[in-house]
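Each of the next two complexes has chain A plus one more chain, namely chain B in the first and chain C in the second.
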Partner chain A sequence: MVRSTYEKRVARQLLLILSPSLLLLIAFVIYPAVYSVYLSFTNEALTGAAALNPRFVGLRNYSRLLHDAKFWNSLLVTFLFVVGSAIIGQFVLGLISAILLRRNLAFKQLFSSIILLPNAAPEVVAGFMWISMLAGGENATLSRIVMFFGMTPTDWLQTFPLTMIIVVNTWRGIATAMILLTAGLSTIPKEVFEAARMDGANPSQIFRRITLPLMMPTILLYMLISAVSTIAVFGLVYALTRGGPGGATEVISIYIYNQSFTAFQLGYGAAVAVVALVISLVLGIAYVRAMKVQV
Partner chain B sequence: MTDFALDKPGKSRRPDLMAYATLSLISAFCAVPFFWVLLASLDGNAQLFLSWPREWTLNNYVRVFAEEDGARWVFNSLFVVGSATLLVMVLAGLGGYALSRTRAWWKQPFLYAILLIRVLPPTALVVPLYKILLTLNNIEGNLVRIFVGGDTARAIMRWIGFIDGYLGLILVLATMQLPLALWIMKTFFDGLPRDYEEAAVMDGATMLQRIRRVLIPLALPGLAAAGLFAFISAWGDFLLPLILLSSPELQTLPLGLFRAFLRVNTIDYGFLAALAFIYLMPAVIAFGFARRFLVQTFSGGVKG
Partner chain C sequence: MNKTVLVGLCAVTLSAFATLAQAETIRIANHGQAGINAMKSTVARIEKKYGVTVEVVEYPSPDKDYMTKLLTELGAGNAPDIFSAPTTAYVADMVAAGYLAPIGAEFKAWDGYASFYDVAKQLAVSPDGETYVMPFMLGIQEIYFRRDVLEKAGISTEQPKDWSDLLKRAAEIKEKTGAYGLLFPAGVSWGTGAFDEGFQHLLVGSKTPQLATEDGKLDLTGEGVKDVFGVYKELIDKDLMPTQPLLGPEPWVIPKYQMFPEGKLAATTCGSWCYIFDWGRESKNPIPDVEKAVGTWTIPGQAGGQYVLANLAAPWGVNAKAENLELAKKVLMEIGSVETQVSYAAEIGNIPASKAAAQDQAFQKLTELVPIHAAAENGVYLKQAAGFATVAEGVARATEALLRKETDAAGAQTILVDYAREILGDDAVK
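== the complex of A and B ==
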């Protein structure tokens, strides 16, 4: 193929106008990611002797990880947080909302606006609003609601900390699930449902045999992308509990932050960060493959 | 549309009632936390828990600006997030165009890379990021001090410093929003016919003229979507200002809010709620504008 000088010039110009973005991404994302792998093999610290003279320590940080109960705890907490809020909470409520809002109901716009609202709240504001819902014993809004139904109130963030951050993160993400699943629902041709009804299928059969199977690709993509973004949640949990009480809500991003900026152990924090990066990348690659992007 | 679920012939009113009840419950779950911010911010005697104000007042809002540095926090947030958003729109506009039109070998690897970059958790990157910025900041500081002395240098570094300076936070915030923005713009330009550009080429327009006269006007809807999503995400970010800023003069709204809450013994809930409401409003307004882009942005990949 003969390429004219004109085409070559255009190709150069296109690369040129992309280069500022490329430069920023390399400097502030790719290089830090690679650098954190390097840091994880050192005893780098913010204070003490190691701060002045960081040494290469091989795999020591990683072998320490294996025996660190707090690290395993944070992995478990992260797993439960992801399953509870992204895979179950947001998905179930998002799917119900998506299905119901496809009908011609009055106030449809109002309902969907209200469901979208939590998504707009900045993390710190969301955290404070929920502290008012949950903290303060009998006076907390949630306590007054359960007392109305004759149940015993409690200090929610102390008694059920993990459940509460799952509830709050579910609250924040219903909208994302609803939007993605609505898009998935709209790709199913209406004739399919009509044909099923003609054949006498009842609603629950239609849901189980038609809606769910046809939506499976969308659901899978939703699960992957929401799992990845839930692993990255930091500000919301930090504002609510800062990982406490006693590590009960110390998801992996809080654990990395605490190791690095509270315990000042940068090398060890980097090893935890690398674990988080690898888990996210594996899920991300699965996402890209499942998405079959035409790039 | 009565596609499925609870719809049984003969009991046509009941399923609708069920739908309304379910949606009302979900909406109540979503809305109730917002009531506290709104009511407490207008309450002269605000408490941590939800209560109907006995004494309505705007005093809490006045105090945010009169007694505390509220105006500065608002300015800092608007300036930093606004600049980052503009930067994202310019870079993603140019980069998205290049990604859409190029046929070079790096097109596919680059697109896969920006999809994967989006999944990296920022907390896992902040330590090395901090060290890189610190190095850049020291080099820059030494350069500045060659030309000007102590106080002036400090004042300049507040604007162009990488750590505890506007420039560093703007660049990093913008970078974090770039992958999604590039993706939006690339998809947008994919949908624009090349005819216009080819016509401009025939007329002898240069690349810059083509961008200014033809592409920017055509790309405005895409740029609006990319800019709105960048603004919303950067506005809500807490981690980066937490790590990159320390001077009180540079504090942004999330930091001001968070630190006001840390004054454990003297938490002033009316003040806090008013500040939270001020911080919340721009995000809600931007979200209102972004709404019509939500479906195509979130589902862009799904149908692909």
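== the complex of A and C ==
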């Protein structure tokens, strides 16, 4: 089919309009990603002889990954971190907040402001604030609280490091969950709930049979965003524990940083980053398939 | 009239441009306020002497973050003209990466060269036989102990004869005072400190005192390496050394700044700066009459002998890609002057590498450092090889496993060897 002059002109205009975004996308997303893949096949380093003369090492970095216990540990820690903070913590608390905010609560605006507040603090600032609350010694906030109840204080980031970073990340992410889930809830017509109540459904039945199924697309979208963004969390964990003690909180982003900028092994760090990228992509595809919608 | 004003303005503008074009700028990397303060008078002197503008580029303070930023910039080709490395351990790798310009000829021809301690000159020589750094300060560490605490408990304050004696003393301290007996820095959070401030001091007195072989490889399988980890193992297993704080993000804070001043830790390795900054006149938590209350032991050898291990503190080098290499090297020699060394000693507490500092009036006022400066004459050192930074990280990982009681001395050595082989390749590690 021959395209008309008008269609060609529109196509050219569209390309012109899109080209700045396209160029930025290529320069800052696609090129670095492709370059990372290339780096992962080399022994590129920031220091030593490999910095002067990097060479192609094929799949050696990937083969090293398979036998690297610290890498597998970081995957496990990342999995627990994502499940604990994004899937369970943020989602459950975000959903409860969203449901509560639909009701005519006293101090409703104050409540929503409190939930939104953690997002106002930059990641690293929030991290240091939590360090002061979770530190060892009798002056730390949490230690004071447990001492008030006659319990022994501890250094929380040392004794329960993974639990603590899950708590902190949950605290920080509730607002996003709440906003998304509130939007999802508001799309369900009130008449549906009224009809269910008139048919004698109790609150639990309404929640299980109506609210949850109708909110499923929003929930899956939230899960996608939250899981991928939690895999990429770096600043908060770095400020709190730097991946310690003993790798107990070494999530994959920290592991990539440690390999690339502490051990200065850019090639190996890039290989880990590529694996993280693949995991995020697989997660994304799985969620999109589950949603059965085009994103 | 208007014409005259116009011509005048043009002349002034041209002159300004000409001046700007002539005034060269030398960029110097520095990190930490104390380091920047120490260089202030040197910067002014350089600007006056060479008619250049010196731009001091401030970097993040912690050594690890500093090195990350510096190496990234060196890799990208936009690093400053002159910079320092935190310790000797980084130098050989930076040389191998081609980041440092050779300065051997200029250093040897320089007036100040002859007065440097031999140990400083030797530490500055890279495995290829060339000198790439100005060894202007020495880091000298010893064991600092609470003399007052030991004397009160009736424990000997004599210099321990060997490792066994040192460990017995630590056990006696724990038994009689309840305080931890001895701390050697360990674990990943302490960064290169696990190697620089702990491991290597024991290693030089062990059965296999060097890591670098004649052919430039690293020999990490020596018996001495395992024995050093054995000392850590005994300290940790017998609860003679605090372990929990060492697993946190700033592991030195609790043991050195809280436990030691409170007498809950009776002995620790520390550098010459500790008398001034950690527990002395510049400390936030000073120990009263610190020079009497706190004594020092040199680090004993495995089977006897005493070892004063010297390390280069902040060795300075010239960027191989500096625009004006000749000028940058001249500036480097100014940084090596006794005046700058003494300024650093006052601000940071390290030891000047020049013997001539002993005659400097300003240095004589730093009474805590004068005897340590004299002791540098007998300093010993670890021969350098490419891969030392990796070894330092490997030691940190191995000692962390010991802290977490996940392994024994042989297992810790395996962690170190495996890590070094993994990073450096089998060819670099014997």
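Just so we're on the same page, the second predicted complex is superposed on the first by the 266 of 295 C-alpha atoms of A that agree within 3 Å, B and C clash if a C-alpha of one lies under 4 Å from a C-alpha of the other, contacts with A are read in each partner's own complex, and residues count from 1 in each chain.
Keep in mind that, in the parts below, contacts are C-beta pairs under 8 Å (C-beta built on N, C-alpha and C of every residue); 3 or more make two chains touch, one makes a residue touch a chain.
Because the structure is a prediction, the values reported are computed rather than measured.
A.B. asks: Now for A:E123: first (chain B), second (chain C), both, or neither, which partner does it touch?
C.D. replies: The first partner, chain B, only.
A.B. asks: Have a look at where A:I96 lands relative to chain B and chain C in the superposition and call it first, second, both or neither.
C.D. replies: first
A.B. asks: Of chain B and chain C, which one touches more of chain A's residues?
C.D. replies: If we count touched residues of chain A for both partners, the winner is B.
A.B. asks: When the two structures are overlaid on chain A, which partner does A:P32 contact: first (chain B), second (chain C), both, or neither?
C.D. replies: Touch status of A:P32: first partner only.
A.B. asks: Is A:F261 touching the first partner chain B, the second partner chain C, both, or neither of them?
C.D. replies: In the superposition, A:F261 touches chain B and chain C alike.
A.B. asks: First (chain B), second (chain C), both or neither: which does A:T42 touch?
C.D. replies: neither
A.B. asks: For A:N139, is the partner it touches chain B (first), chain C (second), both, or none of the two (neither)?
C.D. replies: In the superposition, A:N139 contacts chain B only.
A.B. asks: Tell me which partner A:I115 touches in the superposition: chain B (first), chain C (second), both or neither.
C.D. replies: The answer is first: A:I115 touches chain B but not chain C.
A.B. asks: Is A:G235 touching anything from chain B or chain C once the two structures are fitted on A? First, second, both or neither.
C.D. replies: first
A.B. asks: After superposition on the shared chain, which partner residues are touched by A:D155: those of chain B (first), chain C (second), both, or neither?
C.D. replies: After superposition on chain A, A:D155 lies in contact with chain C alone.
A.B. asks: Go through chain A and flag every residue that touches chain B in one model and chain C in the other.
C.D. replies: 131, 136, 261
A.B. asks: Which stretch or stretches of chain B touch chain A in the complex?
C.D. replies: 1-8, 16, 19-20, 22-23, 26-27, 29-34, 36-37, 40, 47-50, 91-92, 94-95, 97-99, 101-104, 106-108, 110-129, 131-132, 171-172, 174-176, 178-179, 182, 207, 232, 235-239, 243, 254, 257-258, 261, 272, 276, 279-280, 283-284, 286-287, 291, 294-295, 298-299, 301-304
A.B. asks: Provide the residue numbers of chain A that touch chain B in the complex, in ascending order.
C.D. replies: 10-11, 13-15, 17-18, 20-22, 24-25, 27-33, 35-36, 39, 93, 96-97, 99-105, 110-111, 114-126, 128-133, 135-136, 139-141, 144, 171, 174, 176, 179-180, 182-184, 187, 190, 193, 202-204, 206-207, 210-211, 217-218, 221, 228-229, 231-232, 234-235, 238-239, 252-254, 256-257, 260-261, 266, 269-270, 273-274, 276-277, 280-281, 283-285, 287-288, 291-295
A.B. asks: Using the touch definition up top, name the residues of chain A that touch chain C in the complex.
C.D. replies: Listed in rising order, the residues are 45-49, 51-52, 64, 68, 131, 136, 155, 157-158, 240-242, 244-246, 261-265.
A.B. asks: Considering only the defined contacts, which chain C positions touch chain A in the complex?
C.D. replies: Against chain A, the touching part of chain C is residues 64, 68, 71-72, 74-75, 90, 93-94, 96-99, 188-189, 244-245, 247-249, 254, 386-387, 389-390, 393, 400-401, 403-404, 406, 422-424.
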